[in-house]
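One chain, chain A, appears in both complexes that follow, with chain B as partner in the first and chain C in the second.
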Partner chain A sequence: MFNDLSWSVVLDDPGRSFLLHGAWVSLQLAVLAIIGSTVVGTLVALGRVSTAPALAPLRWLLSAYVEFFRNVPLLVQLVFWSFGMFSLDLVRAVAAPLNPVYSNQFLAGLLGLTIYTSAYVAEALRSGIQSVPRGQLEAARAGGLGYWTAMRAVVLPQAFALAFPAIGNQYISATKNTSVVMAIGVTDLVFQAQQIESATFAAFEAYTAALVIFIVICLAESALLALIVRGMLTRIRPGARTAAPAPALES
Partner chain B sequence: MGAIIDNLPFMLAGLWETAKLAALAIVLSSVLGVLAGAMRSARSRFVRWPAIGYIQLIRSAPLIVFILYCYFVLADLGFDLTPFWAGVVALGVFTSAYLAEIVHAGIASVPPGQWEAARASGLSQASTMRDVVLPQALRRMAPALVSEFIKLIKDTSLVSIIGVFEFFHRVEVTNSRLLTEPFAVLGFAAVCYFLLNYGLSRVARRLELRLDA
Partner chain C sequence: MPIIEFTGVQKSYGDLEVLNGIDLSVAEGEVVVLLGPSGSGKSTLLRCVNALEDVSGGTIVVNGRDPHSKATNLNELRSGVGFVFQHFNLYPHMTVAQNIMLAPVRVKKVSKDAARRRAMELLERVGIPEKADSLPTQLSGGQQQRVAIARALAMDPAIMLFDEPTSALDPEMIQEVLEVMVDLAGSGMTMVVVTHEMGFARKVADRVVFMDGGRVVESAAPDEFFASPSTERAQEFLRRVSHI
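Take a look at the complex of A and B:
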């Protein structure tokens, strides 16, 4: 079959604009899910490292959150959000103002991907927080800072820098995981590649094009993450410039 | 609840299909992963570089694209696999690249003295790797391997897109036939996967503690 490849199905319109449109959808999903999962993951990690006895039920709940969302397949979660939650009138009504820009499938995919990734980010950040020496928190508290100020101003910046290689791997996973949303009908990159495949039967060309775009996005992302890690480490440890391990392409 | 009980035999039949998929893919990925990981750790660059290429290429691909590749592109090349076997190949080869990195790290964590002593006492390079280094490395890698296998079990749900009639595909069919019980049906699927994977990670924890003792 390789002697009659027809790359024109992906390099010329309409195939090209299909793929570019799909890549744009995937990219938006990835960026929004990364931002969302960082916010949610940070809150979950903070809750899990809290020590107040009164917060014990919260800690139990958050550890259940992390275990549950990490042990159930992403596809199952996405189908749950899209065919479960987004079948409710209430959820549809809340999402309605966003519909001119984002379809309900997109929002369901974004929600599912964000929550799934947040469980992994929370775990990575929690171990980052725990690897900041206890003395840092104690000294900040003894110096008169409240618990939350000490956390925010002293412990978290260091924890983020320490955990960022691991968190960065989760960002790259999240970017690759955006492809799963095609199964709930979001018109992402892989969805468009499949459209081209079913219209032209040029499977190799269509999927290779999608794959190449994914590889380019992920390589650019991991280069960017490596820069961020370096910047973060220099900020907290001015001498440790070279010690930053670059995030690898992880699952 | 009644919806689940009525459709239980239909959905559970898929669990058996999922188990077969996962078991075959675990075997395939372990063979390929140990091989690629050992090659990745070799000194000769002619052995090492192909392994690095294999690992990096596969790790930069999203699994869904990989599954579609194994099903559609392999068929074009003349390997007309059934969806089930295309799924086994896709999951097995995909996971092997991640296992290879773990194996490589495990091998690197065995003290070099082990390698030198085995070579000095006359073992061949292959026998040193197989009989001295790998058994020690495998023990250290066990936790990482288990979490990779859990990921594989979760990933079996993705082969439903090429039409493998595994557990989640049957759940989705049940869901779209009923239309009125998405929370019960999808919740049931989530609980099944959770019990399976969480249980597995607990068992692995136990084994780990025993190995350390």
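Take a look at the complex of A and C:
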């Protein structure tokens, strides 16, 4: 029943290079969003767990950020960044130096995905920070370390280890969510599959190829994360070997 | 001049008055053991010395400086005050040596090599040099507490504060920690120790301070205090601990 399939449209050029190019775009988007959301998420989490009375407005703002971006669908956010923000001359001007490498659609997608994922990473890390026993910060402070030094050297490494299963799941979600950017015109993997389909009418082959590439990327990522988690957690909690991120297909 | 001086120190959590006007001074080189029933404010008093807690009233002077004044460089003041916690609070993601080196390297900007040498000296002093590259979770409770003492000593503090350093230990490990503390007291360190180890208090303390209800109720030489406590509360407390 499958002999009417022609896998050559995806296994041979030009289809193959279309797909590889799309996969490369998706992968860049995923990696950059993961790095970006780790940085932003960490800063947001640090802001949210701060206790200085003077930072109360900041804490309010950050909690509004987290609630807002977790409660608006990703697609709506991407459309907003792409067709809303990037319609402004100022934003286009700021992005212009990057355009030789990345299109405005790509940048809008990256921005949207990063800001969206950061909200989740921040929450995961915040609960990680709160699971680090209070005595850890106290011991560091009692030794004369300033608050930020103590956070960086003592609390954050433990918080990351504790939160990494949850953060890893967000990384995998971010990778899967890259597929949504096609809607704003990014030439990602799904977009390229669609190109192949419209040129060859081999819809099944084109989308199956996209599916397989996504599965390979996500499973590899998930295996890598599990390895990292094991390394981090066994240091602070001997015996904690089971708390790896859920496999990519379940999360 | 006393190295620690409390004058009318008050501390409350909401409506709960935990410290009710504490007057207390500790001389340089003195070993003071703080006794008192649970909830009497011993930990709170100790934690006010290096501003792990803030105070609601009164003043504290530590090494000539007020830990609760905005003008004080708190990190510098804390560097001069070692604190040993009941639950050790070692950093689980660092080796024993790294635990000891952290503050000297980050706060005093000591080179890693010099900090490591000092860490090894201190581990020698607390009797576990072979554990330098172990993780805290690989150590027994008594060994962990000795590392915590070494960590506090690494900043060359003028004062050491101990909050029930042996209360979380299995009985057979209490002695090894007390021995380190006895040795430290012998070296002339100023120490304030909250403990239920009456043997340590008798043998090592220059003075026993008995607290109850957030006040210093009695302050006397150990011989005097244990032979004939002058207040009813202290007598009752001693009766109770000696019955355990």
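Just so it is clear, the second predicted complex is superposed on the first by the 230 of 251 C-alpha atoms of A that agree within 3 Å, B and C clash if a C-alpha of one lies under 4 Å from a C-alpha of the other, contacts with A are read in each partner's own complex, and residues count from 1 in each chain.
Here is the rule we go by: contacts are C-beta pairs under 8 Å (C-beta built on N, C-alpha and C of every residue); 3 or more make two chains touch, one makes a residue touch a chain.
The structure presented is a predicted model; accordingly, all values stated were derived computationally and were not measured.
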item	value
Contacts of A:G146 with chain B and chain C, given as first, second, both or neither	second
Dominant toucher of chain A (residue count), chain B or chain C	B
Partner chain(s) touched by A:A203 [first = chain B, second = chain C, both, neither]	first
Contacts of A:P133 with chain B and chain C, given as first, second, both or neither	second
Touching partner for A:A161 - first (chain B), second (chain C), both, neither	second
Which superposed partner A:G231 touches (first chain B, second chain C, both, neither)	neither
Partner chain(s) touched by A:P14 [first = chain B, second = chain C, both, neither]	neither
Touched partner set for A:V72, first chain B, second chain C, both or neither	first
Interface residues, chain A side, partner chain B - complex	1, 67-68, 71-77, 79-80, 83-84, 87, 176-180, 182-183, 190, 193-194, 197, 203-204, 207, 210-211, 214-215, 218-219, 249-251
Chain A-touching residues of chain B, taken from the complex the two chains share	56, 59-65, 68-69, 72-73, 75-77, 98, 150-151, 154-158, 160-161, 168, 171-172, 175, 182-183, 186-187, 189-190, 193-194, 197-198, 201
Interfacial residue positions of chain C with respect to chain A in the complex	50, 52, 75-76, 78-79, 81-83, 85, 87, 89-93, 102-103, 106-107, 135, 137-138, 148, 151-152, 155
Residues of chain A that touch chain C when the two form their complex	133, 135-136, 138-146, 149, 153-154, 157-158, 161, 235-238
